[in-house]
Amino acid sequence: MALQLAAIVQALGGELHGDGNLLVDGLAPLESAGPSHLSFLSNPRYRAQLEGSQAGVVIVSPAMKEPALARGAAIVADDPYLYFARVTQLWKKAQPRPAGPAVHPSAVVDPEAVVEEGARIGPLCVVERGARIGKDTELKARVFVGENCVLGERCIVQPGAVIGGDGFGFAPLPQGAGWEKIEQLGAVTIGNDVEIGAGTCIDRGALADTVIEDGVKLDNLIQVAHNVRIGRNTAVAACTGIAGSATIGANCMIGGAARIQGHITIADGTFVSTGTFISRSIHKPGMYTGVFPMDDNVSWEKNAAALKQLASLRDRIKALEKKS
Amino acid sequence: MALQLAAIVQALGGELHGDGNLLVDGLAPLESAGPSHLSFLSNPRYRAQLEGSQAGVVIVSPAMKEPALARGAAIVADDPYLYFARVTQLWKKAQPRPAGPAVHPSAVVDPEAVVEEGARIGPLCVVERGARIGKDTELKARVFVGENCVLGERCIVQPGAVIGGDGFGFAPLPQGAGWEKIEQLGAVTIGNDVEIGAGTCIDRGALADTVIEDGVKLDNLIQVAHNVRIGRNTAVAACTGIAGSATIGANCMIGGAARIQGHITIADGTFVSTGTFISRSIHKPGMYTGVFPMDDNVSWEKNAAALKQLASLRDRIKALEKKS
Amino acid sequence: MALQLAAIVQALGGELHGDGNLLVDGLAPLESAGPSHLSFLSNPRYRAQLEGSQAGVVIVSPAMKEPALARGAAIVADDPYLYFARVTQLWKKAQPRPAGPAVHPSAVVDPEAVVEEGARIGPLCVVERGARIGKDTELKARVFVGENCVLGERCIVQPGAVIGGDGFGFAPLPQGAGWEKIEQLGAVTIGNDVEIGAGTCIDRGALADTVIEDGVKLDNLIQVAHNVRIGRNTAVAACTGIAGSATIGANCMIGGAARIQGHITIADGTFVSTGTFISRSIHKPGMYTGVFPMDDNVSWEKNAAALKQLASLRDRIKALEKKS
């Protein structure tokens, strides 16, 4: 497969410097790109990589135009990373792909579910009655969409995701005699342009719906409990767990393996670091962290032991201060 | 859909105050309930919510009878939350539901597996030979139950769960030459009234079985390794990992994203906080915690850096104490 | 089912002490084994268990030959644990197993995928076009292998694993307007003798491939992001998350629920403790840990509160030292 430089620029804009007839047969990072590859420089810090690269063509910002042209062909674009993202889409579209039916014959789609125009239901998916799969939304394979759950338009759901399993709701029976199930009567409502990763689970609400707003991106193996709401364009990295009724604002970035306490609220534009447990509401956007710093095991053992005495160490410091 | 108040009280007991002919067309929390909704107050701390609620009817404890009646209709019950749980069940049962076959035609059930009366095997499940699905147990969809694994009665297994994958067992070959597989010859035994969440994995035992006792509730994306035993009525929240041969007692509550060390024992009635790594046996019930407190990133960085010197800070305090 | 002692020794070697006609009808740990069971002692520390065991036969190292023979039949082998692993394999092979087709009729295998000789594709698997399943590799059930992904020979993939979902790649649109998808144009390349656990997800690379080298063992519910490379014979325990473009060396052991930062390198032979976040490259092999030590909740609360003042406590110690 190959794309002509001129065709790329015609489709995506940008300023071409070099021979428009040049054929690009692959995309690659600067360090491994060869003469028939298209690459990009998004961060001026990596300018040295640009200068050493064998790439046939590079996408650069206007500020990097000069060093780029000094080495060969270039496309100058305002946001090289975004431009590159769009080239990957062009690339994908250019690959011949067998049409296939909108609903794979191995999928189990309830006759009372709605699959809108342009939507694709991949092999071995289950779509229960009352569910709605929006226009141009794709369930890749082995995806479960439960009763009455709604996905908007242009969503992508990776293999193995479960949308609309029961939330974890039980009332304790008297005297530790066990648990009574609280039937989960809500559903899941997902907006437009949402991506849901492999193995990610989004539970249906207890009474009202669990809500994922437009543009949200969820990575793999994420747990979204019942009645959570995730705001517009928020991105959540893999292995994160979000407990019941938490509300995450718009444009947040939640690092991998974070844990969000139930019934709390996180302000728009908040960053949560990898592995952090958010134990209370965050009203002020910013970056929040709580992770034990790694160390060689011997040092860790010493410090971890001292940590168990920290409150008393604080008291001993106070006592010393009084004396001195 | 609507239920008559009198019908609810006839089915579930409790003391009705108000018009039994009233139709309830939804269940909702106090803060969002409207005049045709049934709500509940389980915690007297939220009495103010009761007074401000628009709910048509509320379920309250005897102690809250007076303020409840001051505002309108009520059902008085000893345990309002449990009563509410049972109303959700009534609600679910009242919804018309197509019968469907006990074993969905897309499921792959080995002829040597046993599916007992009233059990339901949903679409795209796999049940291998020698497995047994107890009376009235439901595998929702896309559930795997491996060879010889046994589920008791009235269990519910959410989509994507894997029961009876191989445990992670390998013997090291000499000189780092790799690993020799230890075939996992045990199975999984699950009691009655167990619920297993979406994407949760329970491995088969190495020699003997992995055991989940009656009434256990497992949330989503939990890992239960080989030869684990989880005691009666214990509840485990999402994203928790339980390592091989750990034994968890009865009536424990294990928070989300907890990690349980292998080969340890946890006493009946233990609470484990979210994100805590239980690194040794717990003989005394209580609440156990071990999670780095979240902070704004700048403060965290300072404290985390100091933490790496904590053992030496302790020594410096000792030295100061000697001098003073 | 039963195996004759002589047959075991004939197949696996070792020095038999006792009656070769003895039939063993089960494998069990020393503490629960009965007179018709075969057991093993791999760690001399557990010699007392050997002496008290009812096992009919035990596998022991040459150093333990004497106490073993004092109590009955034994197989003496250089590495009893490895020998035991091979007995489990013998046991498994001896169990009658229906042949079944190489590709289960419920699996969806693209005509342009390659399934090599001796490979088995279990029920409800999906294998997309261009994928290749190597000789004698087994996809147990409900496994997804995406377009152009390649598995080597003798691999085992447990139920629910997803190989070749899209990596999590998005370029931010200007002014928080959302995200532009970066199509993931690479695939996943998996070597020989790799085992992949239930529910584990391995994303396809963005441009180049995600690579899992020969002999790697991945437990359940692990996230392997795009462009990760995991070196030969490394073992990773359950619930671990490995972020994009991380490179893990050969012969590493990564504990459960570890988190590996993106774009870092981990030296061959590194041990990572359970729950540890590896935030930077590790150039020197060793054991690395970073996990908050568990405590009863009251003690934890005190120490965690003090931890938020740790940097200032350090300053106060410095001040005291100046004064003294």
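Going by the order they are written in, the chains are A, B and C; count residues from 1 in each one.
Quick note on the criterion: a contact is a pair of C-beta atoms (placed from the backbone, for glycine too) under 8 Å apart; a residue touches a chain by one contact, two chains touch by 3 or more.
What you are looking at is a predicted structure, and each value in this text was computed from that prediction instead of being measured.
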item: Magnitude of the superposing rotation for chain B and chain C (Cα, nearest 5°); value: 120
item: Same or different residue numbers at the chain A/chain C copy interface, by half rule; value: different
item: Centroid spacing, where centroids are CA-atom means, of chain A and chain C in whole angstrom; value: 26
item: Sequence positions of chain B contacting 2 or more other chains; value: 106, 124, 142, 160, 199, 221, 239, 257, 291-293, 295, 305, 307, 309-310, 313, 317, 320, 324
item: In the complex, chain A residues that touch chain C; value: 26-29, 32, 79, 81-82, 84-86, 88-89, 91-92, 98, 104, 106, 122-124, 140-142, 156, 158-160, 193, 195, 197-199, 214-215, 217, 219-221, 232-233, 235, 237-239, 250-251, 256-257, 269, 274-275, 291-297, 300-301, 304-305, 307-311, 313-314, 317, 320-321, 324
item: Parts of chain C lying in touch with chain A, wherever the complex brings them together; value: 106, 108, 124, 126, 128-129, 142, 144, 146, 160, 162, 165-166, 168-174, 176-185, 199, 201, 203, 206-208, 221, 223, 225, 239, 241, 243, 257, 259, 261, 271, 273, 276-280, 286-293, 295, 299, 302-303, 305-307, 309-310, 313, 316-317, 320, 323-324
